[in-house]
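Paired with chain B in one complex and with chain C in the other, chain A is shared by the two complexes that follow.
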Partner chain A sequence: MNAPVSNAVTRSLLRRLLGNGTLIVAFIYALLFTIFASRQSDALSQTSITDLFNNAAPLALAAAGGSLVVLTRGFDLSVAGVVALSNVLMATQVGEGPQQALLGLAVVCTAGLLVGAVNGILVAYIRLQSIASTLATMIVTSGLALLVLDAPGGTVPDFVADTLTDSAAGIVPVAALILLAVVLIWLLLRRTDWGVALYAVGADETAAGLAGIRTRRVKFFAYCLAGVFYALSGYMLSALTATGNPNAGNSYLLLTFAAIAIGGTSFSGGRGGVVGAMLGAATLTLLQKVLFSAGVSSFYTGIFQGVVMILAVLVAATSDRFASGRRA
Partner chain B sequence: MSAAVTLTPPPEAALSLDIDAVTKSYGPTIALRGVSFDLRRGEVHALLGENGAGKSTLVKILSGIVKPDNGSVRLGGQRFAPHSLMAARAAGVSTAFQELSLLPNLTVATNLTLPKQRKGLLGLASRRLNEAYAAQLLAECDAADISPGALVSDLSLAEKQRVEIVRAVSHRPRLLILDEPTAALAEPEWLFRIVERLAASGTGVLYISHRLAEVRRLCRRGTVLRNGESIGTVDLANARDGDIFRMMVGRGAEEPADATATPVRRDAPLAVTLRDLRGPGVDGISLNLHRGEIVGVAALEGQGQRELFRMLGGAAPILSGDVAVEGKPVQFASPLQALRAGIGFVPEERKIEGIFLGLTTASNISLPILGRLLRFGLIDRTRERAEVGRAAALVDLAARYVGMRISALSGGNQQKALIARVLLSGARNLVLFDPTRGVDVGTKEVIYGVIRDFTAKGGSVLLYSTELSELVHLSDRCLALYRGRIVGEAAGAALTEERLVSLATGHGE
Partner chain C sequence: MSPPADTRGLRRAGLGSDVWNAIALFGLTALLIIASRWISSGFGGWEQTKAILVLSSFVVVVAFGQQLVILTGGLDLSIASVMTIGGVLTFNFVGASPTALIWGVPLILLVTAAIGGLNGIGVVWLRVPPFIMTLAMGIIVYGATLGITGGTPRGQASPALSALFTASVLDVPLVIYFMLAITICGSVVQLGTGFGRRLYAVGTNPAAAYIAGLPVRWLTFLTYAISGASAGLAGILMFGYAGGATLTMGQAYQLPSIAAVVVGGTSILGGSGLYIGAVGGALLLTTFSTVISSLGIAEGWRTVIYGLVILLALLVLREELYLWAGQLVARPVPLRQPGEPAAKPDA
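This part shows the complex of A and B:
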C-alpha cells in the first residue's frame, strides 16, 4: 500500500512543476526578453523597463480578470465593452487633480462591478451560457461607450496620464507597483475559501456542490471581480493613451483570451491562475516589441502572437500529459 | 489550532429517522412512488434495490439536494426538510456519495476541509494546518496510508472512495448515509470497522448496497426498494437471499442453472477477434468473440471499458493492435466505418452520442441504411417505412412511436429505437455499452430478448453492464477488466456476481 502512495506524491510534485503553466510562460517571457535585450542596447534602461510595464499593464489587468472567470469554466467577453466604457468615462467625465482621479477610479470600478454583477446573475443564478450572456453585456456596454463618446477624442486628465505612467521615486514604474498589488491580492484571495472554491467549481461544479460549496455565489463573485479588473484595465489604458476611444476595447477581446491561454489557464476550468494570465499578457506585449525591434512589419504581429499561443498551449498540454503519466 | 477530531458524538445525540410516504417525480418520470421506513437510534439499516429502484433519489432527498414532492421525513422526531446540503449537514446528516464528490484538481487535505479551509495567520487558508487536520482525520479513520498532500487525481479509485467516506465521517454525523460505499473498495473490512465503531457510539447509518453478504454482516434490518416503492422492511436474520432478491426484482430469482445450461460456444466460428488492442485507457486487450456468443464485460467504473467499447464502435481511435471480423482484418476510424465492417455500436450516452432528438423515430432508425433506400438519389419513403417497421417489430417498439419525434419517447423506447437501428444496419456483431441503463424493468426484458434472439440467429454480442446480475444472467462467459487489461474470465457455474466482483477488483487469482 505504501509504494503507490509515495508514487502519487512524487507524481503530484512532478505535475506541479511540469504542468505548471506559470513556469512555462515565465520561461517564454525570459527567452523573449533575452532576445529583446540582445537586439536593443537600451533594453535595460529605466525608460525602456517603464515602457514595458506600461504597455503590458492594461492587457495584464484584463487577463487577470478574465482568468478568474475562465477558472470557473466560463467565458467573459464583456471585457471589450468594459475597457471601452471605462476609457471613454475617463476621457470625458473626469477633471484634473488627485481627487478627481480617485473619483474617476471609483466611477469606472463601479461600472465594471455592475457589468460583472449582471454577468454573474445571468450566468450563475439564471444559468445562461456564459458566452451568450457576456456577449450581450459586451454589446450593451460597447453601445454605452458610444453614447458617452461617439468618436475618438476627449482628454484623459494629465494627472492620471502622468502619474500612472511614471516611476515612483524615480525608480520603480507605477505600473509595476499596480501589477504587483494585483498579484498580492490574488495570492491572498487564493488562500480564502472563495479562492479554493473557484478551482473546485471549475473542475466539477456538481462535485463542488456536493462538497458543500455554494457554487452559484462563487461564480457570481468571480464575474463581479472580473468586471472590476476590466475597469482597472480601461483606467490604465486611459492613462497610457491619454485620450478616449469608444472602440478601445475591441483589440482586447481576443488578446485577453490569448494571454489567459498562454499563461497556462485551462479553458476547461479549475487549472491555472491570475499570475500566469498576467505573464501571458506581458509576453504578448513583449513579443510586439521584439518584432518591432527586429524590423518585422507590424502586420506580422498577429501571426507571431498566434504561433506563440499555440506553442504555449501545446507545451502545457504535452507536459501535463507527461506529468500525469496516463500514457506510460 | 485545528479543532480536535472526534469520530464519536455523544450518545444522546443519536437520532432516529422516520420516512413516511415520500414521493418524488422529475417531470413525467416518477422516481419515488412512496417510500416509508424507519431507522432506529444507532441502527445500521440497509437499503436494498436494483439500479433505478429509487435509492439515489432517496439519498438526494436526505442529503438536502432535492426536495420531495410529498410525504414527511422526521429526524429525531423533528420535521427534517433540509433546503441544502449544508443544512442537512448542520442537522447531523452527512453522505458519502456513490459518484464520489471529490475534486480531482485539489489535494486530499483541501478536499477534506471543503468548503471551509483551516485558517492560519491573517485568516488565510493554511496548507500546513489543512494537512495536519487531514492527517489526523485519516489516521483516526485508519487511512493513514493516504497522503494528505496528494492530488486526488493521483489516487486510485479505492483510495478516492475511502477519502469520500472519511470526509462524510469527519462531519461527525448523527446519521451517516453510505451510498454503495464498497463499489470500489478492495478491502471492505476497513469500512466495516468504521461503521461498527460509529454504530457502537450511537450514530445511525443508512447503508446502501446491493451486496447481500455485506449487508448481512452489518445490518439487522433492511428495506427493499423496487420501482420507487418501499416493498418492505425485513429482518435480515430471518430472510433468505432468494426472498430478498424476489422482493428486489419482483419475480423469482433466476435459476442459476439457466445460465450454466448454455454451452460456451467455443467451437463456433470466430466472429470478432481482437489482438493486443491498445489506446488511451486500454492496455493490450485480446479476445475472441464467437458466432452466437454473448460475452459480458464486468468492470468497476473507469477501468477502460468505456474506451474499449468506443474503440470497437469506431468512436475512439485504436492506437495499436488488430481487429478482425470473421477472420478478415478490418480497420475503421468512425462509427460508420465500424458498422460497414460489421460491428454495430450502441453507446452509453444515448442523448449525446446516440440519437438525433430533433428527428422522428423512423429517421433515427433508418439513418445507417439510407444509402440502401435511395431511388434516383432520393430516399424511397415507402421502403424506409417498411424497413423501419420490420426493425421496430424486432425490438417490440410500438408502431405508433415510429412516426413521433424521438425526443418525445421515454428513455426505454429511445433505447429500443437505437438497438433497432443497429439491427437494421445488418451488422452481425453488436457492441452494447450498458444498454439497459435507466430503462424500466419491462424494457429490460425486451432488450434481453432481442439480445438472445440476435445471438440465436448467429450474431455475436459484446456486452458491458454496470449491473452484475445482468451480466450473469445474459452472458455465456464474462471477462473482467481492471486498469485496461483483462484480468480474469468466468463462465458456467463459476459465473456468479461474487466471482465477478472479486475479479473486477483485481483480486481474481
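This part shows the complex of A and C:
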C-alpha cells in the first residue's frame, strides 16, 4: 500500500505544480519582466518598480475580487459600477487628512459590500443567472456614480493620493504592501471553512450541498467580499488618478476578466485563486509597458493582450491535461 | 445557478414558458408605448413606435447570433468589436458606390463570419471557455480595427444603406420590413429546420447529443460563425443609420445584446429559449431606454432606472411563473424530480 500512496503524493504534487495556473502566470510575468528589464535600463530603479506596483494595484484588487466569484462558477460584471462609484465618492465626498481617508475607506467599502450583498441575494438566494443580475446591478451602480458626479472632475484628497502611491520608508511601495496584505488575507481565508467550501461549491455545487455545505451562504459571502475588493480597487485607482470619473470603471470590465483568465482561474469553477488573478493583472499592465518600450504602436496593444489571454488558457489547459494524464 | 426547469412537457402540450415570455414582452412593450402618452403628448403614437422599432433593429439583428450561441451554452462577448469592424469596413471600402455595395456587403459578412468562426474554433477545438475566447477575440478585433484605420475611420456614407432608414413603404421605414424578415427567417431557422432543433439538443446536453450522433462540434462552430455575421450585419446597418462609422459604434450593444436574450427568456445555461423572445426583449429594453431618456431627468437616474428595469424583468419573467401560467391552460405535467440528474453536465 505504501508505494501507491507515495505515488499518489508525487502525482498530486505534479498536478498541483503543472495544473497550477498561478505558477504559469508567475512564469509568464518573470519572462515579460526580463524582456522589460533588458530593454529599459532603469527598469530596476526605485521609481520604475513603484510605478509598476502602482499601475497594477487597482486592476489586481478588482481581479482578486472577481476571481472569488468565478471560483463559484459565477460572473460578476458589477465590478465596473463599483470601481466607478468608489472613485467618484473619493473625489467628491472625502476631505483632507488621515481621519477623513479612513472614513472614505469605510464609506467605499460599505458601498461595495452593499452592492455585493445585493448580487449575493440575487444569485445565491433568488437564484437568478449571475451574468444577467450582475449586469443589472452594474448598470444601477454606474447610474449612482453618475448621480454623485455627472462629469469627470473633483479631486481626491492629497493625503490619499500621496500616501498610497508612495514608498514606505523609501524602499517598499505602499501598493506592494497592500497587495501583499491581500495575498496574506487570502491565504488565511482559503484555510477557513468558507475558503474550502468556496472551492467545493465551484467544483460541484450539488455534491457540496449534499456534503452539508451551506452553498447559498458560501456564494453570498463570495459576492459580498468581491464587492469590497472592487471598492478597494476604486480607492486605489482614485489615489493613482487623483481625480474622479464616473466612467472610470468601464475599462475594468474586460480587463478584470482577462486578468482572471490569465491568472489560471477556471471559468467552470473550483480551480484557481486570488493570487493568480492578481498576477494576471500585473502581467496585463506589464505587457502594456513592454509593448510600449518595444516600440509597438499602442493601437496593437489589444491584439497582444487578447493573444496572451488565449495562450495562457491554452497553456494552463495543456499542462493540466498532462498532469491529470499521469494519473491514468 | 440552478438548472433550468424542464419545460419540454409543456412545450408538447402547446404553450411553453418561452412562448408566454415572448407574449408578455410584446404586451409590455405595447403597454409601455401606450402609457408613454402621459409623459409627452408627442408620444404613444405611430411616429414614436416607428422610431423605437428603427432603433431596436440593431439589437434585434445582433441578438439572433447571440441567442443561438447562448442556446448552445456559450456566450459571445466579441459582438461589440465585430459590429464596429463591420461598420468601419463598409465605411472604408464600400462607401457611396452602389456597385461596391453589391460585392462588398457579402464579403464583409464573410469576414465577420470568419471572425466568429475563429471564436468557434477556439471554443470547440481548442476548448477555450467561450467567455474568455470571445472576450479575447473582441480585444484582438478592436486592436485590428484601430490599426487598420490608424485611429480614425475615413470613408463615405452610403446612400443605398441610408435609404433603408429614410425611405418608407406604406409609412413604414424599409428597415422595419427588413427586421421583420430577419425575425421570421430566424424563427423559421430555429424551429423549422433540423439545424435549429439540433441546437436545442446540443444546448440541453452536449454529451447526449454527441452520443445520439449529432455533429455537436460543427453545430457549435456554426453558431459562433452566425453570431459573427449577424454582428457584422448590425454594424453595416448602424453605418447606414449614422452615415458613418466610429471606433466605438458597437460598444453600446455588447451588454444589451446579452440583456435582450436573457430578458427574452433564454437560459444562459443553454438548451431553452426562443429567438422571438430575444426580439421581444430587444423591443422592451429599447422602448424603456427611449421613454426614460425623454423624461428629462439626470443621466444618473436614467441609468439607475434602466438597470432596475432589467432587474425587475429578471425577477418577474421567471420560468416558474410561466410554468404556473402554462398549467392554467395546459394539461399539468410533472416537473423534473429532485433525484434526477441535472439537465446539463459540466462542460
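Note that the second predicted complex is superposed on the first by the 315 of 328 C-alpha atoms of A that agree within 3 Å, B and C clash if a C-alpha of one lies under 4 Å from a C-alpha of the other, contacts with A are read in each partner's own complex, and residues count from 1 in each chain.
In this section, contacts are C-beta pairs under 8 Å (C-beta built on N, C-alpha and C of every residue); 3 or more make two chains touch, one makes a residue touch a chain.
Since the structure is predicted, the reported quantities are computational estimates derived from the model, not experimental observations.
S.K.: Could you tell me if A:R127 is touching chain B, chain C, both of them or neither one (first, second, both, neither)?
M.R.: The second partner, chain C, only.
S.K.: For A:Y199, using the defined touch cut-off, is the partner it touches chain B, chain C, both, or neither? Pick first, second, both or neither.
M.R.: In the superposition, A:Y199 touches chain B alone.
S.K.: Does chain A have more residues touched by chain B or by chain C?
M.R.: After superposition, C is the partner touching more of chain A.
S.K.: Going by the contact rule set out at the top, does A:F299 touch chain B (first), chain C (second), both, or neither?
M.R.: It touches chain C, and chain B stays clear.
S.K.: Take the contacts of chain A with chain B and those with chain C, and give the residues found in both.
M.R.: 204, 206
S.K.: Give every residue of chain C touching chain A within the complex, in rising order.
M.R.: My answer: residues 1-2, 75, 77, 122, 126-129, 131-133, 135-140, 142-144, 146-147, 150-151, 255, 258-259, 262-263, 267-269, 298-308, 310-311, 314-315, 342, 346-347.
S.K.: Note which residues of chain A are touching chain B in the complex, please.
M.R.: Checking each residue of chain A against chain B gives 1-2, 4-6, 8-9, 11-12, 15, 188, 191-193, 195-197, 199-200, 202-204, 206-214, 270-271, 324, 326-327.
S.K.: Enumerate the contact residues on chain A facing chain C in the complex.
M.R.: These residues of chain A touch chain C: 73-75, 77, 122-123, 126-133, 135-148, 150, 204, 206, 246, 254, 257-258, 261, 266-268, 297, 299-307, 309-310, 313-314, 317.
S.K.: Any idea which chain B residues touch chain A in the complex?
M.R.: Against chain A, the touching part of chain B is residues 65, 85-86, 89, 97, 100-107, 110-111, 114-117, 122-126, 145-147, 149-151, 153-156, 167, 280.
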